[in-house]
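Please go over the structures that come below.
Paired with chain B in one complex and with chain C in the other, chain A is shared by the two complexes that follow.
Presenting the complex of A and B:
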């Protein structure tokens, strides 16, 4: 896998840090933030290739963060992570420009595959196109 | 209280019940959302330990093997919890709207998941025939749940150990049909097997344009079916 810079945004600190450690073990560069405000600051400071974004956070909602990231740099691909049983919120995220959405708990292999696809899309400049 | 007063009181009571249901749904969905987060953290921690074993970072082979055993037991349990919380969360969201488009197969699979325990305790054999492709309908999911549970409960009450229950979903013309078939080991009087159409069930049927039919297939088998329009 290329050296992909991933930003994990999740208010569950342990979830974000453990996932980041697993990604680092596989050669990715992973950073974590635990709220929407910090995520936006991090994106501005050091734009990642792919953002893993939790839909529900205490300060700013995931969809709002997604919009702000896309306004800052539309080439950054965002994968929404949702704990909700219904797929409506994930589909809504894709309508806002998310690359895809995954339900928690997530299968790491599947997640890594999605991250690679999102990264390829960013590199090929096809951002904003719906993932099939 | 006069008639108008009574009617108003009934309508307030019914609105109150609806609000209670919505509140319970919201609480349940928040609760199951939290459960999912806990499972996700356990899964990732487990995965990290697995990574360390696979990458040879734990040198003692005996310890590695023991840890693998423990991890595999944890895997089985967390997989089950993940499925349970997924169904619980979907179930909680069924109260969200009075009319929505959803996959009927998914709704019945979810219901059967919750009913597994009752089936197991009663020592019945349950089989299903549910299409692999989505059976989308536009209706009130919580009312369909209620109907299905009512009929399933009737079957459970009238069944005995080793009876066979079969649940099938099929599209018939422009309607969906949920069939509940029971093959009993002994014959029972019809009155104990037929579904009871209480005023609440009748109101429910009316609200979603559904019908219930009951027929005896032979002396020991019977079929109850719910017919639903594809759209209300």
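Presenting the complex of A and C:
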């Protein structure tokens, strides 16, 4: 299996880096950025397979970043991370084209499972239906 | 008038309000009731009192007028009757004299015969005598008792011009009152100028008065010009007594005078009797008869009292009703305000809790990930001393993070209606688990748990985590209340077909009534600053309500507190709807 390229976007630096490190340990390629601008730059420079996107960030809101990513490359799957403890913002994200949403703090096993599913979808190319 | 009444009302209300601040609510309502009662009573009684007073005086005035008229009319009637009598008497006397042969009157037997004859016609005739102009007695009938003749010359002179004259009442030596009637016989028939003097018993005058006075209601009597009584009076005594009031000389117009006499007032009228030296007097006491007057007064007072009592009763009932209504609406309003306040506070705590939970969630995620990373690294590392111990510690951190996760999720759920995670639960198991959590802490504080769990309780369909939270909150609250050595009793029972009751009782100091009102309010705490957030019971309340249950507290100061938690059992039918 090819390496899955994951981009973790979270303003909580420690969280992002630790999560990236743990993914690396499990054979994934993980990059981190801590704000929306950096995330978009990274996506343009080196498109990842799956983006883990925090909804709440200081510069650009998660939903805007999501829209920008989908504009750049609709095949990139985005998994939303919500800290709100409510399903509403997650569902909103999915309406904007996110693959799924997870609530923080997140269980790594579950997260990896979701990333795998998202990657599979990107590979199989089911994204078109969802995008339009 | 309206302004005035408004002023009165505001005065009473202010009086009720001003003194109220230091007093309790109950006393305030009592004061309000009393003020209102007094105010309405005064307002209601003023018109009826005025009416009674006005009626009283009006009646008195009317009665007085009527009395005055009646006295005048009656006196006139008596006067006419009396004067008529005197005329009749005079003509009787003169005709009797005329018919006798005056030539022979000097003979004693004839005089006696004349008297005999006249006594038959005229009552109370004591004796007669004939005198000449110089008052020389010519002859007198028997008995020839000596009678004072002090004013006879004057009377004879009067008789010679008028034809007849009457004397004042006098008393003879036998204590018999008498008066004299002098007649001058027709001059043509007599050779000499002589006069007939008839002595009448005083009783005849009394009889005459009695005959003419048709009504026995009034006191009618005769006085002379010197105010000396000629006949017996009810008020002023027997003949020869003195009449104390002034008399009128007016023969035509009769006026009534009012004087105070004895215990009350009397009304009297006087009129001179023409052809006599006498004055007729009529006296009546009071404008109305004493008995009638008393009856009237009594009736008036009774009616007034009855009205007042009736008013009192109705006002009392009305005021009571009004106070009760006001109190009810006050209570309702207070309850509503309390409820609104409570809801507001819950909303505020909800927002705050959500914010706090969200902020805590991020560092919690970092801790979670860091622990996970350490665990990952440990797995890829060879065995070393204490590796196992390290692993266990990490497990501990993990489970703590999980607990925190649950709490933050609950806090968020407190604010938003998060889906509860329902499952079949044995309530006893949950209670035992919670007790297990707290056992060590309890032992340390010398607090003992006593469990009275009902067996074969039906399983309930509810949220395990939330139930744990509920019991944990209440029991730790009880433990805080006891602080050192005590007993906490937990009892489960089936309350109804669809309800389970969990009672948690402690023998702590109890809750004071003023604290009791706020026990479920967010941020309300009696603990020292920094020791309690005041959220525990508030969250508990919210959780129990969310699970469809109810929570009640009963406290006895110095004996302890009991929490009653009612939980719905929920049948499998409910299960479906819960999921939907």
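Here is the rule we go by: the second predicted complex is superposed on the first by the 125 of 132 C-alpha atoms of A that agree within 3 Å, B and C clash if a C-alpha of one lies under 4 Å from a C-alpha of the other, contacts with A are read in each partner's own complex, and residues count from 1 in each chain.
In the analysis below, contacts are C-beta pairs under 8 Å (C-beta built on N, C-alpha and C of every residue); 3 or more make two chains touch, one makes a residue touch a chain.
None of the values given here were measured: they were computed from a predicted structure.
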Clash or fit: chain B and chain C on chain A? clash
Now for A:6: first (chain B), second (chain C), both, or neither, which partner does it touch? neither
Touch test for A:105: chain B only (first), chain C only (second), both, or neither? both
Applying the touch criterion given at the start, work out whether A:78 contacts chain B, chain C, both or neither, answering first, second, both or neither. neither
Check the residue A:52 against both partner chains and state whether it touches chain B (first), chain C (second), both, or neither. neither
Is A:15 in contact with chain B, with chain C, with both, or with neither (first, second, both, neither)? both
In the combined picture, which part of chain C sits where chain B already is, 276-284, 312-320, 510-518 or 546-554? 546-554
What residues on chain A does chain C touch that chain B touches too? 12, 14-15, 18-19, 21-22, 25, 83-86, 104-106, 108
Enumerate the contact residues on chain A facing chain C in the complex. 12, 14-15, 18-19, 21-22, 25-26, 83-86, 104-106, 108
Complex contact set, residues of chain C against chain A: 354, 357-358, 361-362, 364-370, 372-373, 376-377, 380, 401, 405, 408-409, 412-413, 416, 418
Residue ranges of chain A touching chain B (in the complex, touch as defined): 12, 14-15, 18-19, 21-22, 25, 56, 83-86, 103-106, 108
Please output the residues of chain B touching chain A within their complex, sorted ascending. 29, 32-33, 36-37, 39-41, 43-45, 47-48, 51, 55, 78, 82, 86-93, 96
